[in-house]
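Some structures are shown below for you to check.
In what follows, subunit A forms one complex with subunit B and a second complex with subunit C.
Moving on to the complex of A and B:
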């Protein structure tokens, strides 16, 4: 039913099509951008996420039949990076969103359900996390834990669960006053069952919508951290890192500002489209789930 | 101290089912970021109630007098601040508190006020009604559903309703579902928290009749909380009137209606709209509002609004005192006053 409405809505349909495209690219990455034979010959166990390097000159090379999107700084193949970077984007987005969302739901709902002093303490704890500027906090955490995509994800999870916790807490505080929760308590239903059966099914949708909206912004944040040099390893297929390679070439050559356009346009486009698709779907979700708009 | 307020229901001794003594529920008023308690809202401030087996005790009062809080405290849904709740469990007295309530959940059940919010919108009717069974040890799902089916029939619904969701039902039907849920565990006492006040008048009558039928069928005892006196008169055997967290008068329906002994009851009775247009009404309009339960007046809580208040009423709080067998009022002046009731003839 939800899916039908998603398709009927033109805006969400666009988002859905773009997202489907990305899913296809991610799934078919080994077919679309296989490890070139000459690299496989050198190292049969080569990690496909490592972008093939065709030389050592720093100057990017424009698109050609062999390299459809050109080579970025350090002669790294942009096409390979974009295709495998799709997988990275999904991996980062899904892991960060699902883990932080789960932590947020568990902590937020239990805190609200128990309420009182316990809730007060938990929420002050949440406030502490929320008071840090996110990007700076993430930079501090990654510099403590060390560079790498895994650590970037940990940093993001640490500072992202609070939003979900707050959101679900507010909903639970409202729903736990409802008479059907009272009725369940009067019937002697255990607290865990009340939470799982009565409270969460009636509070979780806004959180799911928030999560789908956040998929895009998580990928942007991960890209920013990669751009700042905190994310993926050198040469790892990651959109943020691809943009960071383009940093010196964004302004083009003297007299020709568009000389190296391919170094920034392709990764940038990938990020924009990815974020856009999630936001469109999230928007549509919000409209569909809004009970006021339901017939 | 306990014996003080013991009132016999009827001259013939009947068996007590629920004995509430000095029930109190205070809610803290907090202030500032540290949530310092600066005062207490005395929602229920020493309520004594006796409920006899098989009867319906109506508990009436205006909004905010604490009648719903009494119901919720009895079920320990909000833990009472003080007082004793004794329940006659198969001949032995059990004190109802946070620990013992678990074992008594199949004896005391509750019907809620708002049929629109008392059913989980994401659960099927069969699971809603079966939930108390499941929580009280009926592990077998088929057995639960069998029971649900017969309950649905008992409340005037059918087995074809089992797989539906609450939004597919009308308010009256939803309340029937709520009733079926309360009865699923075969309770002896059902606390009805304004079960018909959210319903249309025509549906109210149906649900009230259903409650009466079920009472006769299963030998239920009701504590019927309501603010509508005509509803209460229809269904109750005895009535307790609450004002500002205390019971001010309790008695049989005809005693209380014909010969009220408390000025507040008199005022309430005078406000019942009469279906007879020729009848000359003489409504007693009470002055002012209900005082704040956070700061109740000295002496009799009703004295600022009472037409008959005397000096004593301002100083000393009256206790419930028996005016005639089975009929008690908390008024210093009941002997001197001849209060006007309404004549009812309870034709059953």
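Moving on to the complex of A and C:
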């Protein structure tokens, strides 16, 4: 029913179509941007996420028939980077969202179910985590763990679960006093069973939706960290890193400020469209889920 | 009211201790040898000393709780270690760079709050008309533009193409005036200092350098405040007392300004804390893009060189700053909305 409404709404339909496009690109990446034969000949086990490098000059080269989006700093193929970067984006987003959401749901629901002092302590703990700007917190953790996309994901998970914990806690607190929970408790059902069978099925859905709508912002933060040089390793297909390559060329050549436009426009467009699609769907979702706006 | 504030103040030390524990926890990922740099007082200490000796001297091989207390003692004395990438003490670097960031944040906050509320009101008054849809699209698109992409595009257009707003904090000529002896740096904020010194040309130059980073830092929150104001205005417009106000024949302007907007602003105040949090995180990207020498650029450069002493010190500073801001926002909230303090 929700899905039907999403399709009927023009704004969210646009979001769904863009998202579907990205999913297709990610799935078909080996077909759309295969590793070029000359690179495969050199190294049969080449990681497809490594962007092919065509030469050693640092100056970017404009789009041409062989390289439809041009070559960015270090002669890296922009088209290849964008196609495989789609997979990186989904990978980072899905892992961070699912792991942090699971941690948040476990801690938040247990905290609310037990209640009392325990709940109070957990929530103060959450407050402390939430008093750091997300980006700064991620920088702190990556700087002590070391650079790399894996550590960036760990850092984001460490500071993302708190929001979901707070959300599910509020929902569980409301449901906890409902009659069917009381009835189950009176019937002698174990605490774990009450939580898993009766409380979570009634509280988990909005939290999961909320979490999946955060895919866009997670991908932006991960790209920001790559942009700052903390994330993906050199030459790895990652949108944020491709934009950091564009930084030195943004002002163009003397007399032609737009000389290297393709270095920033293509990867920029990829990130913006990706995030936009999630936000369009999320915006429509909020309206559908909000009973106050139904009338 | 007084009990509300006292209760909030009593919570303050608990949250502050929590913040220090969190930073200390992050430090525990480092080996004792790596930690030495967070403890040494100056680079001279490293000469003629083995790392082992230093580890022993600062007690880095001792149990966790002992290390926490000795670290806290240093922090309370204002000693956050020596930063390799900034080439000075961390506290010194923060004191030097913070005014620039504060200036940027202040220039961003004021237009965001005023502009966002204004646009939100217009959008609510024109509910479901083209203007409302336009504002909705502006908000969603704004929300989807990552700041480093937006900043680079602004740089491309307004500096590369039009050369209106150059990066940095001041032009070279203005910088030499500011650093000369005759110019007194009262606050470290260039616009304020220029006015206090009566140098209007420097004020304009500083302002010109602030435009692009301010817009980049602010547009996202503009969209956010707009949406919040809009939905809370719509909420209030349906209330009985608004109908009463209209029924007794008040003009539409009076109804909106006196009865609706005042009440609609309450939810807006709650997001101000989150906004400050976001702005202070956003400066890392914005200052990097525009080469604006504030704390954000300091952190970005430090992170690039894995200068964890600097990162840990500045984030501790940030944590304390934000806890304080949140306290002020909470108190303001209680002042505006009497229901809160009665809870």
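One rule holds for everything that comes next: the second predicted complex is superposed on the first by the 288 of 295 C-alpha atoms of A that agree within 3 Å, B and C clash if a C-alpha of one lies under 4 Å from a C-alpha of the other, contacts with A are read in each partner's own complex, and residues count from 1 in each chain.
Just so we're on the same page, contacts are C-beta pairs under 8 Å (C-beta built on N, C-alpha and C of every residue); 3 or more make two chains touch, one makes a residue touch a chain.
The structure displayed is predicted, hence computed values, not measured ones.
Trainee: Answer with clash or fit: subunit B and subunit C placed together on subunit A by superposition.
Mentor: Once subunit A is superposed (C-alpha atoms), there is room for both subunit B and subunit C without a clash.
Trainee: Residues of subunit A touched: more by subunit B or subunit C?
Mentor: The partner making contact with more of subunit A's residues is C.
Trainee: State whether A:198 touches subunit B only (first), subunit C only (second), both chains, or neither.
Mentor: So A:198 only meets subunit B here.
Trainee: Counting only touches as set out at the top, which of subunit B and subunit C does A:248 meet: first, second, both, neither?
Mentor: neither
Trainee: A:257 contacts which: subunit B (first), subunit C (second), both, neither?
Mentor: The second partner, subunit C, only.
Trainee: Which angle, to the nearest 10 degrees, do you get at the Cα centre of subunit A between the Cα centres of subunit B and subunit C?
Mentor: If I round to tens, I get 90 degrees.
Trainee: Should A:58 be classified as contacting the first partner (subunit B), the second (subunit C), both, or neither?
Mentor: neither
Trainee: In the overlaid three-chain picture, which partner chain does A:189 touch, first (subunit B) or second (subunit C), both, or neither?
Mentor: A:189 contacts subunit B only, not subunit C.
Trainee: Closest Cα approach between subunit B and subunit C after superposing, in Å?
Mentor: Comparing every C-alpha of subunit B with every C-alpha of subunit C, the smallest gap is 6 Å.
Trainee: Return the residues of subunit A at which the contacts from subunit B and from subunit C coincide.
Mentor: None.
Trainee: How about subunit A: which of its residues touch subunit B in the complex?
Mentor: Interface residues on subunit A, with respect to subunit B: 120, 178-180, 182-190, 193, 197-198, 201-202.
Trainee: Write out the stretch or stretches of subunit B touching subunit A in their complex.
Mentor: 35, 72, 75, 77, 102, 105, 109-110, 112-114, 117-123, 131-132, 134-136, 178, 181, 185
Trainee: Contact residues on subunit A for subunit C in the complex?
Mentor: It is residues 11, 124-125, 127-129, 131-137, 139-147, 216, 220, 223-224, 227-230, 240, 243, 246-247, 250-252, 257-258, 261, 264, 268, 271-272, 275-276, 279-280, 283, 292 of subunit A that touch subunit C.
Trainee: Give the list of subunit C residues in touch with subunit A in this complex.
Mentor: Per the touch definition, subunit C meets subunit A at residues 14-15, 18-19, 21-23, 26-27, 29-30, 136, 140-141, 143-149, 152-153, 155-156, 159-161, 235, 277-278, 280-282, 284-285, 288-289, 299-300, 302-304, 306-308, 311-312, 315, 318-319, 322-323, 326.
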